[in-house]
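Take a look at these structures.
The two complexes that follow have chain A in common; it is paired with chain B in the first and with chain C in the second.
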Partner chain A sequence: MTSTLTPPAVSRPPEGGKRKRRRPFFGKNPLGLLFSAPYLVFVILVFAYPLVYSVWISFHDFFFAAPGAQVDRPFVGLENYITAFSDPAVIRSFGNVGIFLLINVPLTVVLSLLLASALNKVTHFRAFLRVSFYVPYLTASVAVVAVWLFLFNGNGIVNQVLGPLAPSPSWLVNEHWAMPSIALFVTWKQLGFYILLYLAALQAVPQELYESASTDGAGAVRSFFSVTVPGVRPATVLVLLVSTVTGANLFTEPYLLTGGGGPNGASASPVLIMYQDGLQQGHPDTAAAIGVVLVIVVLGIAWLQNRFAGGND
Partner chain B sequence: MAKQLFSHTRMSRPQYILRGVVLAIGALAFLFPFYYMVIGSLQTKPDPSVVGAFPNIANITGENYVQINERINLFQGLLNSGIFTGGVLIGTMVFGLLAGYALAVLQWRGRGVTFALALLVQVIPFQLLMIPLYVLIARDYGLADNYLGMILPFFINSTAVVIFRQYFLQLPKELFEAARIDGASELRLLWGIAIPLVRPALITVVLLTFIGPWNEFLWPFLVTKQSALQPLAVSLANYISTVAASASNPFGATLAGAVVLAAPVVVLFIVFQRYFVSTNIGSGVKG
Partner chain C sequence: MQRRTVIGASVLLTAALALSACSGGATTSSTAKHGPITIWYSNNEQEVAWGKQMVSAWNATHPKEQVKGQEIPAGKSSEEVIGAAIAAGNAPCLIYNTAPAAVGQFEKQGGLVDLSKISGGAAYIEARSGKVADQYKNAAGDYFQMPWKSNPVVIFYNKDMFTKAGLDPENPKLSTYADFIDTSKKLVAAGVSKVAIQPAPTSEFFQTQFDFYPLYAAATNGKQIVQDNKSTFANQAGYDVADFWQTMYKDKLSSPEQYTGDSFAAGNSAMAIVGPWAVSVYKDVNWGSVPVPTKNGTPANKTWTFSDAKNIGLYSACKAQGTAWDVLKFSTSKAQDQKLLELTGQMPLRKDLQTTYASYFEKNPTYKAFGDQASRTVEVPPGPNTVEMLQAFRDAWTKTVVTGSGDVKSALNAAASKIDTIAKQK
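Then we have the complex of A and B:
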């Protein structure tokens, strides 16, 4: 990615050793710290502290108390984790998100790379294609959920076109199709963003590689697999990571598209359970435990992806 | 650039056609639901048959917009979304720009750590923070049903900070040094030199920052119980999940609300799309 290269002026080493002692503690331009202070305070307040607090809550008996009331919140060890994961609904929600990721992540990688490389070489209708590819990503989930509900409804246009092939009960109320439908929806909704990432990565693939591939007699398909695919591998790792994190955070779609994770919890996601259990039913401690486990699982998956797809870079 | 690429890659005629077909199917798949949203919002009676996908003059009405406006106050919803989004835009354009400038142009202790944080923050799932943030903001600070509580977790967009840094890094160093010798203050440098030079690129950031809070559902949904304070995404979602069943044409009314929610972003994007360059965003996520 050309734009990520640091211009040489910045990587210039600090001035000679003998002048070092004259540099103030906060560096040459301590003003930089002042300029960044609001951002740093924001990060600590909204990310760092809540992150630690989340783990703390998950190990204590935590409940909502009236504001200002002094309440005892004893340390309970792993009790919240045990409570959370002896609930079959929680286990099932993790399984659901697993199904979601198995469909969504590979589909996202293949389709976004395919469309990005097709779009990359286009000279006509470029603006039109760009707008149409990015629009689902830019639009609120809530707005597009409304139209998908209409499209995939029992006698919606999708089933009308499919005729006898339509599943019964219909997609979003069918135990087997609810989660795949959500995975398909999210793939469609987010694809524009990943196309954008791949387009940026495609600019960085050296043109000479395509030239020499073509001199060696490779056709378009061959050079796609032997030049483009390896050339955009860093972007692929990023797409895997971002789509996995996004998928693990699934909330809006099962909440609205399948009416709160239905049918019978077939499309409930861990975050939906965290909301229902933690905030609706007032068990923030078990919800925090689910959140901590979810993040550990996601980190594990991300590590594996990086290990096997990242190669040497 | 594109022409060059084309001449280098030998593409036979069938492959050329195949590529056109792939792109056309893609565009159709992305656009059709939007087309259907608009058509559906204008129909008197929902017509889910294939014929219903084509506009029929006899069936066209603005009634659905009136109906959704009776259930959820569209103007109030748009205003709340606007305040929420505006707050985030102000925070990002003021404090995000300052941080981006400091990260790119100034040498200070802690710069590397701050930049690493800005990258790290982008992969922390917001949902992990959902419970503690709710406890802190809605309970401890008493900011439930309050614009501040809505804005706070999104106040400064970290992706924007990283993109700002990237833009400022691309400006020549000599420019700043010359101005500093002339005695210009850093704020003056930022305002008078750096910002005017990156102005076209700022549009990408504004657009990118805009869609976050405008489309956000989960957080404002958690912290607003009063309907008078809910952004449009939240009130429309509540309509979908509860009230829709009792409306005479629930799909028509829902789709009308969806059009109102989607339109500002889509219009903004179409107007500014030529500034929305892939490399800018790629660098923001990757650093």
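Then we have the complex of A and C:
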């Protein structure tokens, strides 16, 4: 009896060893596209379209007009950029926001990581403490600003505690202290959000690494720098990027806390100047020019952060 | 938070841009068309009460031209909300909260109807407001706003605090700069209040209207800070006003720090620089009022001040402009102006105000001084660059006067030069 084994039919690869497969028009997972479509539409409408339109506005003599109004909007080249950056107030606002970022971003990263690590180890009152740090983030700035005005005015509690060490004029009306005060306020207010990001990242750091470090004789500080810090590096990059982007968009605090970017423009931010130029004074073209430069500067900073803090991730 | 601000602004901007970019032909609605309309009025309690009664009085007799009254939507300021509504093409027919400082921009945007082009429009405005109406014309002499009401700025003082400080509360010495400073020093030295007077020391463009401008108007017998596209304030009168306020800040009689809340109501200051709207706000304060000071003192019946007016705009997006014009006339009639006086205490921009409503002023003597003052008020300069000019002035003011950096003469000269350039922009 002989048996014949018939090899299973194997589809032969096409010549050249590579198989040509037609990609479905909507990709491998068309349902995924459907789910992401609303956000994509949102991004296009709310971010991409205005951004592209802002660039267009910045090269034209433009103002907002009623529908149907006969308006000439000639191309003006770099004129809006020259007008905007010939204004010392605009240049100063970029310097101001630079000071803000230099204080706010490192402070945010360090404090939120330290507090998240501490909160991660807390067993009692964990929920209470997490909510406590998150509440300022949820509270409207308008409400919190009034409290800070009380705290930091000439007769406020901060100056009473400091006594003769209190600056004169007081914090928010002092040219040297206005921007650092705002940076401190924003750091405190936003901290809860970044703590949450770090808390999420900390859950992904394997416990075994801490145990190994402990076995090798590492103490708490050594574990923090050798396990925690590298373990949450992707989160750190995210915190750096988000805090830089939100910081560069600084508006509400100089508008409310220092009464419109005072004193003497020491706390005016580029977005505040854009608001004054574009919405109050009817020059959206120069405001757009400032905005475009701000986007480029922020992208540059973000690239540097990603390059130096992102590692190979 | 800032991210939310930017997202919110982006949504507004996108909507405005999309609508302005995609819109087709011009609004062709004429002033002859009639039908239902929507109006916006201010959101303070008194003006809401006035707005509601005016709308129901109109609606009761015009079933086919019903008016829908709404409070102006919330925003950072009414002007920004109106500007966005113009760009989006959804402004209501009438807005009873149109700031004269913003009218030039709204006109440039194509958002306002030229009331002078309406048959009998200019004549109606001038018959109601008299010579005061001239300040509300644009450079071409046309009315893109209906002068409506003013809040002549005066000095309020707390009589009880004056008494405690040993000052005469019925005849306070506040008419000259020297007297004002001397009285302020006595008030602070007596410890009755932390500061004598607390105008907002902040950098918003409109704050100029409540420190420099009233005193400058008084010092110059009613000169605008910009006339014929040229600044007028870099002169001795302007320097004197700036010197006066700089002394107030330097001597700690006013504070460069913004006060959270109402400084006068809270007893932080013994005086305030306000309009008649304040009468209903300061019910719990035993107050008196005097005109703003001048260098050598000016009799009350000859003192000028800033108007702090709010006017009515008829917006080009309106489909039934005939009805809108009729409602505008109805709401500025003698009867409705009386209601405005009674419900808000604000002064209709009407000639012969005191004689027209003699019985009202007889019954409400506290408003008499405001009624008299209303005939001598100065408005912000007209044109599309008003806000930019006021901001340039404010920047120089906060730097030199509020924080005391540099001398006022150089600061005002530099601001004047900058404003002259701005004024020439189209």
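Here is the rule we use: the second predicted complex is superposed on the first by the 264 of 313 C-alpha atoms of A that agree within 3 Å, B and C clash if a C-alpha of one lies under 4 Å from a C-alpha of the other, contacts with A are read in each partner's own complex, and residues count from 1 in each chain.
In this text, a contact is a pair of C-beta atoms (placed from the backbone, for glycine too) under 8 Å apart; a residue touches a chain by one contact, two chains touch by 3 or more.
Every value quoted in this text rests on a predicted model; they were computed, and no experiment measured them.
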**Request:** Based on the superposed arrangement, let me know which partner A:276 touches: chain B (first), chain C (second), both, or neither?
**Result:** second
**Asked** Touching A:261, do we find chain B (first), chain C (second), both, or neither?
**Response** second
**Prompt:** Looking at the overlay, does A:172 come into contact with chain B only (first), chain C only (second), both, or neither?
**Reply:** second
**Prompt:** Where does A:162 make contact in the superposed view: on chain B (first), on chain C (second), on both, or on neither?
**Reply:** neither
**Request:** Give one of first, second, both or neither to describe whether A:70 is in contact with chain B, with chain C, with both, or with none.
**Result:** second
**Asked** More chain A residues touched by chain B or by chain C?
**Response** B
**Message:** Tell me the contact category for A:210 with respect to chain B and chain C: first, second, both or neither.
**Reply:** first
**Asked** Which holds for A:295: it touches chain B only (first), chain C only (second), both, or neither?
**Response** first
**Message:** Between chain B and chain C, whom does A:197 touch in the aligned arrangement: first, second, both, or neither?
**Reply:** first
**Prompt:** Counting only touches as set out at the top, which of chain B and chain C does A:245 meet: first, second, both, neither?
**Reply:** both
**Complete:** In chain A, both chain B and chain C touch residues 45-47, 49-50, 53, 64, 67, 140-141, 146, 149-150, 153, 155, 245, 249, 251-252, 255, 259-260, 271, 279
**Complete:** Per the touch rule above, chain C residues touching chain A in the complex are 1-3, 5-7, 10-11, 13-14, 16-21, 23-27, 76, 79-80, 83-84, 86-89, 91, 105, 108-111, 194, 200-205, 255-258, 260, 316-317, 384-385, 387-388, 391, 395, 398-399, 402-403, 405
**Fill in**
So, in the complex, the side of chain A touching chain C is made of residues 45-47, 49-50, 53, 63-71, 89, 137, 140-141, 146, 149-150, 153-155, 169-170, 172-173, 175, 186, 189-190, 245-247, 249-252, 255, 259-265, 271, 276, 279-283
**Request:** Using the touch rule from the top, collect the residues of chain B that touch chain A in their complex.
**Result:** 2-6, 8-12, 15, 19, 22-23, 26-27, 29-31, 33-34, 36-37, 40, 46, 48-50, 52-53, 91, 95-96, 98-99, 101-104, 106-111, 114, 117-118, 121, 123-136, 139-140, 142, 152-153, 155-156, 158, 161, 166, 169-170, 172-173, 186, 211, 214-215, 217-218, 222, 233-234, 236-237, 240-241, 251, 254-255, 257-259, 261-262, 265-266, 269-270, 273-274, 276, 278-283, 285-287
**Item:** List of chain A residues in touch with chain B within their complex
**Value:** 1-4, 6-7, 9-10, 14, 25-33, 35-36, 38-40, 42-43, 45-47, 49-51, 53-54, 57, 62, 64, 67, 114-115, 118-123, 126-136, 138-151, 153, 155-157, 160-161, 188, 191-192, 196-197, 199-201, 203, 207, 210-211, 214, 219-221, 223, 234-235, 238, 241-242, 245, 248-249, 251-252, 255-256, 259-260, 271, 274-275, 278-279, 284, 287-288, 291-292, 294-295, 298
